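A single structure is presented below for examination.
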Amino acid sequence: MATVLRRLARFSQTGLSAHRKNGWSFALPHSVSNHRNSSTSSKIKVDLDSNTGIAVMRFQSPPVNSLSLDFLTEFAISMEKLELDKGCRGLILTSAQPKVFSAGLDIMEMYGKSPERCSEFWRAVQEMWIRLYGSSMVTMAAINGSSPAGGCLMAISCDYRIMADNPRYSIGLNETKLGIVAPFWFKDTMMNTVGNRETELALQLGHLYSSSEALKIGLVDRLVPEDKVLSTAMETMANWFTIPDHARQISKSMMRKPIIDKLLASREADIKNFVSFITKDSIQKSIGMYLEMLKKRKA
Amino acid sequence: MATVLRRLARFSQTGLSAHRKNGWSFALPHSVSNHRNSSTSSKIKVDLDSNTGIAVMRFQSPPVNSLSLDFLTEFAISMEKLELDKGCRGLILTSAQPKVFSAGLDIMEMYGKSPERCSEFWRAVQEMWIRLYGSSMVTMAAINGSSPAGGCLMAISCDYRIMADNPRYSIGLNETKLGIVAPFWFKDTMMNTVGNRETELALQLGHLYSSSEALKIGLVDRLVPEDKVLSTAMETMANWFTIPDHARQISKSMMRKPIIDKLLASREADIKNFVSFITKDSIQKSIGMYLEMLKKRKA
Amino acid sequence: MATVLRRLARFSQTGLSAHRKNGWSFALPHSVSNHRNSSTSSKIKVDLDSNTGIAVMRFQSPPVNSLSLDFLTEFAISMEKLELDKGCRGLILTSAQPKVFSAGLDIMEMYGKSPERCSEFWRAVQEMWIRLYGSSMVTMAAINGSSPAGGCLMAISCDYRIMADNPRYSIGLNETKLGIVAPFWFKDTMMNTVGNRETELALQLGHLYSSSEALKIGLVDRLVPEDKVLSTAMETMANWFTIPDHARQISKSMMRKPIIDKLLASREADIKNFVSFITKDSIQKSIGMYLEMLKKRKA
């Protein structure tokens, strides 16, 4: 949290890019994104249309929108900014990369890193979920590609999910398939979406659901052709905007606050758990072998 | 509670109307209903058939069976009487008004009233739910008309719901649409009926479900032609009566007691919340404007 | 617990039957099963195939695999043994009796028995559930016959349920129909399987679901022809085995531990409840009449 706040402070000193006529769009200035990444482009593009009150966040971190510390920090900063902007009532998450919404947590953040760095990373993962699941905005995932693990978490933390009707795209919490375990707040979010029994199967089997399977169990709310995903989200948002914000926000909070509070109450323990697990020799070795395999596959 | 008990005491002093041959029916005597309302007729008609053990409660408070303090007090008194009557094993709620089961809480009880009166009203709303959701009788809603907000709460507090198969009738907790928020025990009852995810959508959007949508999500259990709603409830009740009462009651209590206890533990705070919200100038102004609009619509 | 442990101790002193080439199978030696039952055969046959890592437990306690104290003790011993066997990753429960998976708790254990014996019996019922619901193995019920009450509990305590597609076989917690009540942990297990609303109906009505109804509400996961039940379980198990055990086990525990802990925290109170209920004169009289009726039916 301290880290994110420090970054937020740094960010607000450097200022944002210029406002457009109706709304604004921004990319993080280099001073923020450069200190960790040589890429000069930001990982998330945000466009707010002040006519509609809808912000679109496009993930543009090639190749697969992995949730790196830089990505997550940008995400938290963008969320903070949008929450404070009275002209913004709704947020749509979508991907600018082909075939993938987000591939989930960046495995490079878990390999050969110091415990301090792992801890900072995990705090940023928590922060992403806390801000998104508890957002006062109407949040929608326009899922225009596959969405495993952390990508699935982002999607199910929104208020509504529209997915491209493409049998090659899948979504799910597939952690067990990789020998790791989704933390309890991933599980809680999944349970609140598809219920206890389906979550039991989903987590034990690490099942990746095809788009039509996902619709059937309620993991996503609607399937549309790929080129209609974003526009359908926009139209659906208009319907949600007919509800007075204040009443909707209290209703949402009533549903979601209990499980957010659960994480807030055990946040440090959850970080400790993650760090002690991920820094184990055996786990580091497994990840190393997995990365070797990936390299060979590419070659 | 104290108020309801005082009213119950007053009620039992004045006595009830005569018993019929097989069972009884009653209407509240004037001394009870008159002190608040000039209407000489009672708002709820209760008929108990001691041959079948089934009581039918007909809501007859024109035009839309609004849940006023008088209505709720009559309801609590009737429930108390039926619970104590060993000849009564089941209760069917239905409407004697055309096209509506109940329109929910009476908005006039929330406009221009003293905090004391608002507090008394809210306690009566709580009391209705506590008695109905925790009833030892088999309770069924014969939903022969629309059933928004508090009307929906009454329906989902029963053990079983049979609704008229009429696409013009709708049911749901639509509070957010009016800029207000369903309290946590409305939410808990809804969650226990349709699950977490559907409740999240239902409450955030204040969605009114058509009868067929309601069946699909499990908000009602069965659709039948309008003229069969009551008779189907009677037939279904006969099936429930094959189960020994005592075992069924303990099973029911095991399922429902936890969320009733939640309200009992925070009943006064819940009343305070309601009163402080509803007596706000801004809210009173909104209600006033809403009532003006209704008047104009009629004219 | 103490009793089960004593029995386990006795059991391990007497030793097990010989191992087969690839895996083993055992039947409890007489010294264990005889002291309560004159039958020389064991009530459960266990076969572990160490090639596949799958153990099959066949219930062979005629006529209907009632859960007697002896049966439950054998079950606990077998579970203990399999959990400790590193060659065993999965367990399939099925019946060697025609037309029935298990008829549930043995009513003879509840009739004319001392409070001490009733207490020992109930502890063994709890132990069965704690071991099965919390098993680290992949557990599957190959339901090749009817499965009421305690039989249903065993099935829903597994990770996956495959049932014979036979309309004459039924499954459900039908306790209320007999005038008794499923304890809270039966209820919790049911809720985790089919959700709150269906459990409310199921428990209040003591409903026995046909196989196709059971599939529809998610009480079982799959229907296959009767002669394919076991082989389908084997094939399904192979799919579950592709998931690393450790990650799957932690995920399972995350889902199930909370309700197991609830029973562990109130185990003695739960036993007291059962004993004081079952030893009541009125209940003993009811059971006696029920047994008389059964006798007459046979004659």
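In this document, chain identifiers A, B and C correspond to the written order of the chains, with residue numbering beginning at 1 in each.
Here is the rule we use: contacts are C-beta pairs under 8 Å (C-beta built on N, C-alpha and C of every residue); 3 or more make two chains touch, one makes a residue touch a chain.
Every value quoted in this text rests on a predicted model; they were computed, and no experiment measured them.
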Proportion of interface numbers common to chain B and chain C (over half same, under half different): different
Copies chain A and chain B - rotation angle from C-alpha fit, nearest 5 degrees: 120
Chain B and chain C: spacing of chain centres that average the CA atoms, whole Å: 42
Contacts with two or more other chains, residues of chain C listed in rising order: 195
Touching residues (chain side chain A, partner chain C) in the complex: 175-182, 184, 187, 195-197, 199-201, 203-206
List of chain C residues in touch with chain A within their complex: 159-160, 191-195, 218, 239-240, 242-244, 246-248, 250-252, 254-256
